Amino acid sequence: MYFYQDPQFGERMITLMAAFVLVLQIAMVAQRWLVTNIRVFAAQSFLLASIAGTIAYYNHAPHIYIAAAMTFAVKVVFLPILMERLVAKIEIRQEIEPLINVPLSVLISGGLTMVGYVVAESFYHPEAGTTPATLGHNTLAVAISLFLIGFFMMINRRKALTQVLALLSLENGLFLAAISLTYGMPLIVEVGVFFDVLVATMVMGILVYRISETFDSMDVSKLRRLRG
Amino acid sequence: MITTLLAAVFQLLLVLCISPLISGIIKTLKARLQMRRGPGVLQSYRNLFKLLRKQMVMPDTASWLFDAAPVMVFATAAVVGLLIPMITAQAPLSLFGGVLAVVYLLGLGRFFLALGGLDTGSSFGGLGSSREMTISSLAEPAMMLAIFTVALSANSTNLSEVARSAIGQSWRFLAPSQMLAFAALFIVLIAETGRIPVDNPATHLELTMIHEAMILEYSGPYLALIEWGASIKQLILMTLLINTFYPFGLSTNWSGASLAIGCGTYLLKLLILSTLIVLVETANAKMRLFRVPELLAVAFVLGALALISTFLF
Amino acid sequence: MVLAALLVIPLLAAVAAFVARRRVEMEWINLVAAVLTLTFAVVLAGSTLQSGSVSAWGGLLYADALSALVVLLVSIVYAACAVYAVGYFRDDETNGVFDEDSDGVPAVDRLRKYYSLTPLFVCLMLLVPLSNNLGIMWVAIEGTTLASVFLVTFYGRPNSLEAAWKYAMIGGVGLSMGLFGTVLTYYSASLVMGTETLVGLNWSVLVTKAAQFDKTTMRLAFIFILMGYGTKAGIAPMHTWKPDVYSEAPVPVAAMLAAALLNCALYGLLRFFILTSRCLGPEFASQLLIIFGLLSMAVAVPFILVQKSFRRLLAYSSIDHGGIMVLGLAFGGPLGALGMLLHMTFHSITKPLLFFCAGNVQQHLKTDQFRQAKGGLIHAMPITGAVFLLTTLAVTGSPPFSLFQSEFTILRAAFDGHHILPAVLFVGFLVMIFAGFLIHIARLVLGEDPGTPHAQISDWKKYSLIGLGAVVVILGFWLPAPLFALVQSAARIVREVH
Amino acid sequence: MNSFPAGEVFAGGLAAYALGALSGLLLQGRASLARRLGCGFALAGAILTGLASVSALTGPAVQWSITSGIPLFAYSFTLDAVSALFNLALALVAAAVSIYSVGYMRSMEKNGNLGLFSFFYNAMILSLAVVFTASNVFLFLIAWEVMALTSYALVTYDHESQESRNAGLLYLIMSHVDTGCLLLGFALLAQGAQSLDYSGLRAAASHLSAQQQGWAFFLFFLGFGIKAGVIPVHVWLPAAHPVAPSNVSALLSGILIKAGIYGMVRVFLEFLGVIPPWMGMAVIAVAVVSAILGVLYALQEHDLKRLLAYHSIENIGIILLGLGAAMMFRTSGHPQLAAVSIIACLFHTLNHAIFKSLLFLGAGAVQHSAHTRNMEELGGLIRRMPWTAFCFLIGAIAISGLPPLNGFVSEWLTYQSLLAGFGTTRSLISLMFPIAGSLLALTGALAAACFVKAFGITFLALPRSTHSEEAHESPASMIAGMSMLAALCFVLGIGASWFLPLFDGMTRQLAGAGAGPEMTLAGGFVISAGVARSGSVSTAAIAVLLLLIAFAPVSLYVWKARLRRVGPTWDCGLPGLDATNEYTATAFSKPLRMVFAALYKPRREIQKVFDVSPYFPTAIHFESEIEPTFEKRLYQPVQRLVYWVSTNMRGIQAGSIHLYLAYIFVTLVILLLFGARP
C-alpha cells in the first residue's frame, strides 16, 4: 500500500494543515490590508476544505466530500469575490486601523491560543482510544483558538467589512471542529449551516453597503448614537 | 348599697366644703409667713358666695363651649372627689375608677377649660390654654411614674386597694421608693395646682399668667365654678399625696369613732401638707416658663428612680 | 399534517404578500395567515395534550407539550401583532412617515417588505420548536436573525441602521457560539451513538441517551450554548443589542422580538439544559443560570430607574423578564420549571400590549422621549393612557395581574431549593424595577392637560389594545384549565431531569 | 345566633361591593347616578358584612372555599373571631363614610370621573374585606396589593395636582416595598408548608429554626409596619392621607392602616408559634417611638388633615403597645394577661377606626365648606357649622383618651396590661412596662393638647379669613354620617363593659385563654382588668355622675338670661378685637416647639416692615418651619444614593459595539477557563 494510505500519515497531515490554519488566522490579525485580509481568509478556507477532503478520504465518509465541496464553493470562491466587489464598489481606504496596535494584538492572539489548548487539554482521555477523541484533542484546541482569535479580531477591527471577515474566520473555527471531531454534522444540518452562512454574509454585505452609504465611512466605532 | 350612697353624698359634701377652706388656709399661712395679716381663712367662701350671686358678662365672640367649660371643670373635679379615699380607706365609689380615671377626669376638665380659654378670641385665653396644656402634658408622665410606683407595690390601680395595702405594711412610707415617689408627686402637685415656682395664682401680670390668663374672661358664677373646681382639684391632689403615702388614721370600718379619728388625722395631714406647700411657695421665686420643663424633668427622673428602687429593694 | 401546516402557512403568506399589489391585500393575507396559524397551534396543543408527542416528515419535525406551548405563544403574539400592525402602519401613512425619507421608495414597497418578511420570520420562529433535530433548530434560530434584520431597518433611519448592525454582529457571534455548542453536544453524543447518523442530533433520540454522554464535553458544550442562545434571549451581559433594536424597530416587530423570539431562544436553551442536567446533574447548569439570571435583573435596574425613552424602558423590562425566567429554570424543583413556563406564557401575552401602548403614544407624540412628552397623556388619549398604566402594573408583576402568580411560584421554588440570597435579590430587584417603571409611566400618563389635541387612533389599534387588555385582566383571575394543563405537562418534560 | 347564615350574608356583602364597583365602571359619564349607586351598594355591603361579622364574633368560625381558575390555590375564606372584629370595624366605618359620601361627592361631580371614583372606592372596601377574611396566603397577597393599587388610584384621584401625584407615587412604592417583604416572609414561612392555607402555615411554623423565625419576624414587622405607618417607615402616610378626598382619607386612616395591624396579629400571634421575648420588646420599643414622635409631629402641623394623619401614627403606636405586651405575655406564659392586652390592642383598633374616620370626615366637611385645610385661615366655624363642630369635638375628646368615651377605655386597658406586665418577669426587662406606660401618659397628654389646638383654632372664636366667614353647614347626609360615628364613640365608651365580653372568643383563639367573665364586675356595669385586684373603671357610672353633678350648675346658670350680659372681649383697650388678636396655631404650639427644639430643629425668620421707626411696624412677616428629620436624614440620602449609582452604571450601555462584543468575549473566556474543567 502507498504511504498516503496510512491513516497515521493522514492524521499528521490533518494536524499540520490545522496548524497552518491557525497560523493564517494569526496572520490575519497581523496584516493591515483589506484585500489581503480577504485573500488570507480564502486561503484559510481552502485549507479547511482540504482538511475536510482528507478526513473524508481516510474515514471513507462520502458526505464530508460534499461539505468540502461546499466550503470550497462558498468560502473560497463565492464570498471572497463578493467582498472584493463590495470593496471596489465603495471605494474606501484600503488600510485597516485596528483599535489595538499589531504587536499587542499578536501577543493577545498567542495568549488566546494558550487558552484554547488549556481548555482542550481536559478532553484528552487516551483510555477511550477512539479516533475522534485523539484527533479531537489537537484539532479542538486549534478550533477553539481559531474561534477566540476570530472573536478578538471582531473586537479589534473598526471597519464593518473587516468585522464580517472576522466573523467568517471565526466560523471557520467551528467548521474545523465539526469535521475533525465528528466528521461533520448530519448532512442536512451541514447544508442548512452553509446556507445560513451564505445568507448571513450577504445580509451583512448589504448592511455594510448601506452603512457606508449613510455615514460615508465604514468605521462602526462611530456608530454610537444609541446609548443609555 | 345604701351605706355606699350615704358615704358618697357625705364625701361629696365634704369635698365641696373643705376645698375652699384649704385654699384659704394656704393663703393665710402664706400671708403670715410674709409678715402680712392676710385675708383670713374664710375669705375663699366669701369670694365664692359673692361671685355666685353676681351677673356675668359673656364675651360676644364666645360659643356654647364657653358655658360648658366651667361646668365640666366643676363636675369632673367633684366626681374625682368621690373616687379617692379621704377619711375612710374604702373610698365610696372607688370601684368606678382607679387612679387612672382620676388623672384622666382631671384631664377632661382641663381640656374643656383650655377650649373655653380659646373660645374668647382674646390673646390671653390662647396664651393661657397653650401654656396650661404644655405644662400639664409635661407633668403627666412624672405623675404616672410616681403613681405606678405606688400602684405596683399595691399591685392595683384602685385607690382603696392602694390605701389598704399601705395600711397593711407598716413603715412602708420609709421605703426609698415611696420617698422618691412622694417627692415626684409633690412637684407635680405644685405644677398642676399652678403654684409658685410654676405659676403664680395671685398674679395678674399678663406675661406671667398661665391659669389666670385662661379664665380671664370669666366672671360671676362661672368664675366661681372654676375657682371652686380648682380648689377641689388641689384638695384632691393633696389627699392623693397624703393618703396613699401616709395612710395613718384612715378608718377601715364605719364605726363613728374611727370616722372621727379619720376626720381628725385627715385635717391634720392636710394642714401639714399645706404648710409644706406654703414654705415652698415663699422660699422660691416664680420660674421663667421655659425653666418649668426642667423642674418637671426632675420630677420624671425622681419617679423613674422610685420605680427602679421598688425593683431593687 | 398539523406540523407541516404550521410551517407552510406563514411561508405561503410570505410569498403571497411579496407578489401582492395593494396594501389591503397584504394586510388581509397577513391577518388570515395569523388566524390560521393560531388555529393550527391550538390544534397542535390539543393533540400533544392527548397523545404525548407528535412527529412528522420521518421524525424531522417533532412536537411535545413544550414545543406546543412555545408554538402557541408565538402564534398568539403573531396574531395580536398582525391586527395591531394594520392600524399602526395606516397611522404611519397618515402621519406621512414614509414621505419624508430620502430614497423615494413608495410606501407600498416599504409595507411589502414588512408584510412579506414578517410571515417568514414567524415561519422560522415556528420551526425552532418544531424541529426535532437540534442542528436544524440552530439553523432556524439563525434564520430568525437574518429575517428580522431588515425589519429592524424598516424606517431606514441612520439609528435603525446602527441598531441593525449591532443586532446582526452580536447575534452572529452569539449564534456561532450556539453552533459550537451544538457541535460539541453532537460530539459528546457521538461517543455513545457513533457518527454519520442522521438522527444523531435528534432530540427524541438524544434525550434517552443523555445520561451516558461524555461529561467534560457536555460541560463545555453547555457553556457555549448558554452564551449563544443567551445572546439571542438577551441575557446579560449579552443583552446589549436589545434596547437599540427594540427602540428602533417598528412597534409590531419589536413586540414580536420581545414576546415571541425570546421564547424561541429560551426554548433552545431549555432543550440543552435538559440534556446537560441529565448528563451532569442539575447543579452545574443551575449555578450558571442563577448567575446569569441575577445579572440580567441587576443590569435592568439602573436603566429602568434612570431612563429617557419609554421604548428603551420596555427593552430593559424584557431583559429583566428574561432573567426572571432563567432564574425560574435555575431554581428547579417541582415549582421552578412550572414557574418559568407560566412566566413565559404570561409574559408573552402581556408584553405585546405594553409595546402597543408605547407605539400609540409614540405615534401620537412623534417622540419616544419622556422629556418631550409633557405628561398628562390621559387627557389626549384616555384609552391608551389607562391601558398603559394597567399594563405597567401587570408587567411589573403586581397582583392581581398574572405575572405575579408566576413570580411568586418562582420565589417559592427558590426557597424550596434553599437559594435564600438569590431569592432576596430577586425580590429586591423586582421592587426597584416596579418603582422605576411606575415613576416613569405615571409621570407620562397622569398630570394636568398639556393641551395636546385629542389623538385619532385607528380602530385596528384600539381593538387590539382593548382585546389584549381584556385578556391580560382576565388571566389575572382565570387561567384556562387546558392551557394550564399544557404548561404543566411541558414543565414535567423539563423536570424529569431530577 | 349560630343559626344565622353568617357565611352567606358575608358573601352577599362582598357581592354588593362588587356590584358597586361594577356599576361605577359601567356608569361612565352618569356622574350623579354613579354616585348614588356606588354609595348605596357600599352601604348595603357594609350592613351585610357587619351583620355577618357580629354573628361570627361570638359564634363559631365560618369557612368556605371556591376553586379558582388560577393554578396552585383556591379562594378560601375564613371568618373567625379576629377577621370578624376587623370586618366589623370596616363595616362600621364604611357604612358611615358611604352615607357621608352621598353628599360629599356631589361637589366632585363637576370635575373628575365619578364613575371611576366609585369603582375604586367600592373595590378598595371589597379588597379590604377580603384581606381581613382570606385564609390563603396567595389570596391574601392579591387582595393586599389590590388594596394598595385601588387606594393609590383614590389618592391620586385628583391627579392634576403635583402634590397628590407625588404623594401617590411615594405611597405606591412604599407599599410595594412592603409587599416585597411580605412575599419573602410568606415564602419563608411556606418553606416547610405543604399548602399555602393558613392552617398549613400554622403547621409549618413549628419547624422554623430560631434564625428563620427572627428573619420572618423582621420581614413581617417591616412589611406590615409600612402599611400601618409605624415610624420610621411612616413617611408615606402624612403625605398620602391629606391629599386624598376626605371620605377616602377617612377610610385610609380609619381602616386601611389597620390591615397592617391585622397582619401582625395574625402572624405574630398565630403563625410564628412560640416566639422569643425580644420580639415583643422590639414591638413595644417601636410602638413607644411611633406614639411619641407621631403626636409631637402632629402638634406642629397647621394642615388639619396632616395633623390627623400624624395622629394615626401615634395611635398605631398605642395599638402596638398592647400587641407587644400580648406577645411577651404569651411567651412568658401568662395567657390571662395576654388576653387582656390583646383586647386592649384590638379594642383600640376598633375605636381608632371610628373616631379617626369621624375626625377626617369632620375635616372633610370643613374643607368642603371653607375650601381650605390650613388652620391659620379657619376659626369661628362653631357658629357656622354647629353639627360638624359638635361631632368633631366628640372625636377630639375620644382620641385624646378622655372619659367617658371609647378612647379612654382602650387606653385604660393598655395601661392595665402594661402595669400587670411588671409582675411577669423578675428581671430588669419588667421595668420596660411602667416606663412605656408613663410615656403613653405623655402621649395622651400631648394628644389632648394637640386637639385643644385643632378644635380651638379651627372652630372657636373669630374666623381668620373670608373662607371661614363664608363657610356654611354641610348637607344632611354628611352630618348623618358623622353623627353615626359620634354616637358610636359614646356607645362603645359608655357601653364598653357590655361589649368587652364579646371579645372572649377572639382572645381564646389568639391567647389560648378567654378573659371574658373576669372582665366585668357588678353585673356588667364595671370594667375590670381581668386579673384580680388590678383595678376597675366604669365609664357608664362616670358618665352618670358627671351628668348628675353638672345638672345643678347647668340648671342654675346656663339658661338664665337675667344672669348674663353679652359684652365685648377684653382687648387691652385697643379699638375693637378682631381675628388678628387671636392666638394662632403656630403660637399655640410654640411652647412645645421650644421644649422639644432638639427634635424639631425649628427655623424661623421674621421681617418687620416699618416706615417711621422700628417701634411702629406696619407689617410683620413671620415664617417658621420644623425640620422633617426622617425625610431629610433617612430617605433623601438613600434616594440620592440609588440615583447616583444608577446614573453611573448607565455607562454600561455606552453605544460602542466593540465594547458590547468585549463583554461577551470576556465572559466567554472566563467561563472557558473556570467553568469548563470539572
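In this document, chain identifiers A, B, C and D correspond to the written order of the chains, with residue numbering beginning at 1 in each.
Basically, contacts are C-beta pairs under 8 Å (C-beta built on N, C-alpha and C of every residue); 3 or more make two chains touch, one makes a residue touch a chain.
On a predicted model such as this, the values are computed, not experimentally measured, just so you know.
Considering every other chain in turn, none proves to be in contact with both subunit B and subunit D.
Taking the definition of touch as given, a chain qualifies here only if it contacts subunit B and subunit C alike; those chains are D. With centres computed from Cα atoms alone, the innermost chain of the structure is D. Comparing the CA-atom centres of all chains against that of subunit B, the greatest distance is found for A. Among the inter-chain contacts, the highest number of C-beta pairs connects B-D.
Per-chain CA centroids place subunit A at a distance of 71 Å from subunit D. Separation between the centroids of subunit A and subunit B, computed from CA atoms only, is 101 Å.
Spacing of subunit C relative to subunit D, judged by their CA centroids, is 44 angstrom. If you average the CA atoms of subunit A and of subunit C, the two centres end up 31 Å from each other.
Shown for subunit A are the residues in touch with two or more other chains, namely 119, 122, 151, 154, 220, 223, 225-226, 228. Counting partner chains per residue, subunit D has residues 650, 653, 657, 661, 664, 668, 672, 676-678 touching two or more of them.
Which chains touch which is summed up as A-C, A-D, B-D, C-D. Touching subunit D in their complex are the following residues of subunit C: 165-166, 169-170, 173-174, 177, 215-216, 219-220, 223, 226-227, 231, 237-238, 240-241, 243, 288, 299, 301-303, 305-306, 338, 342, 376, 378, 393, 398-400, 404-405, 408-409, 411-412, 414-416, 423-424, 427-428, 430-432, 434-435, 438-439, 442-443, 446-449, 476-481, 484, 487. Contacts from subunit A toward subunit D in the complex involve residues 99, 112, 115, 118-119, 122, 144, 148, 151-152, 154-156, 220-221, 223-228.
Residues 12, 55-65, 67, 70-72, 74-76, 78-79, 82, 93, 95-101, 103-105, 107-108, 110-111, 114-115, 118-127, 129-131, 133-134, 136-145, 148-149, 151-152, 155-158, 161, 216-217, 220-222, 225, 289-290, 293, 300, 303-304, 307-308, 311 of subunit B are the ones touching subunit D in the complex. Residue ranges of subunit D in contact with subunit B, taken from their complex: 380, 382-383, 393, 397, 400-403, 408, 412, 415-416, 419, 422-423, 428, 430-431, 434-435, 437-439, 441-442, 444-446, 448-449, 451-453, 455-457, 460-462, 521-522, 526, 533-538, 541-542, 545-546, 549-550, 553-554, 556-558, 562-571, 577, 579, 581-583, 587-592, 594-595. Taken together, the subunit C residues at the contact with subunit A in this complex read 60, 133, 135-136, 138-139, 142-143, 145-146, 149-150, 153, 158-159, 161-166, 168-169, 172-173, 176, 179-180, 182-184, 186-187, 190-191, 195-201, 216-217, 220, 243-244, 247-248, 303, 307-308, 312.
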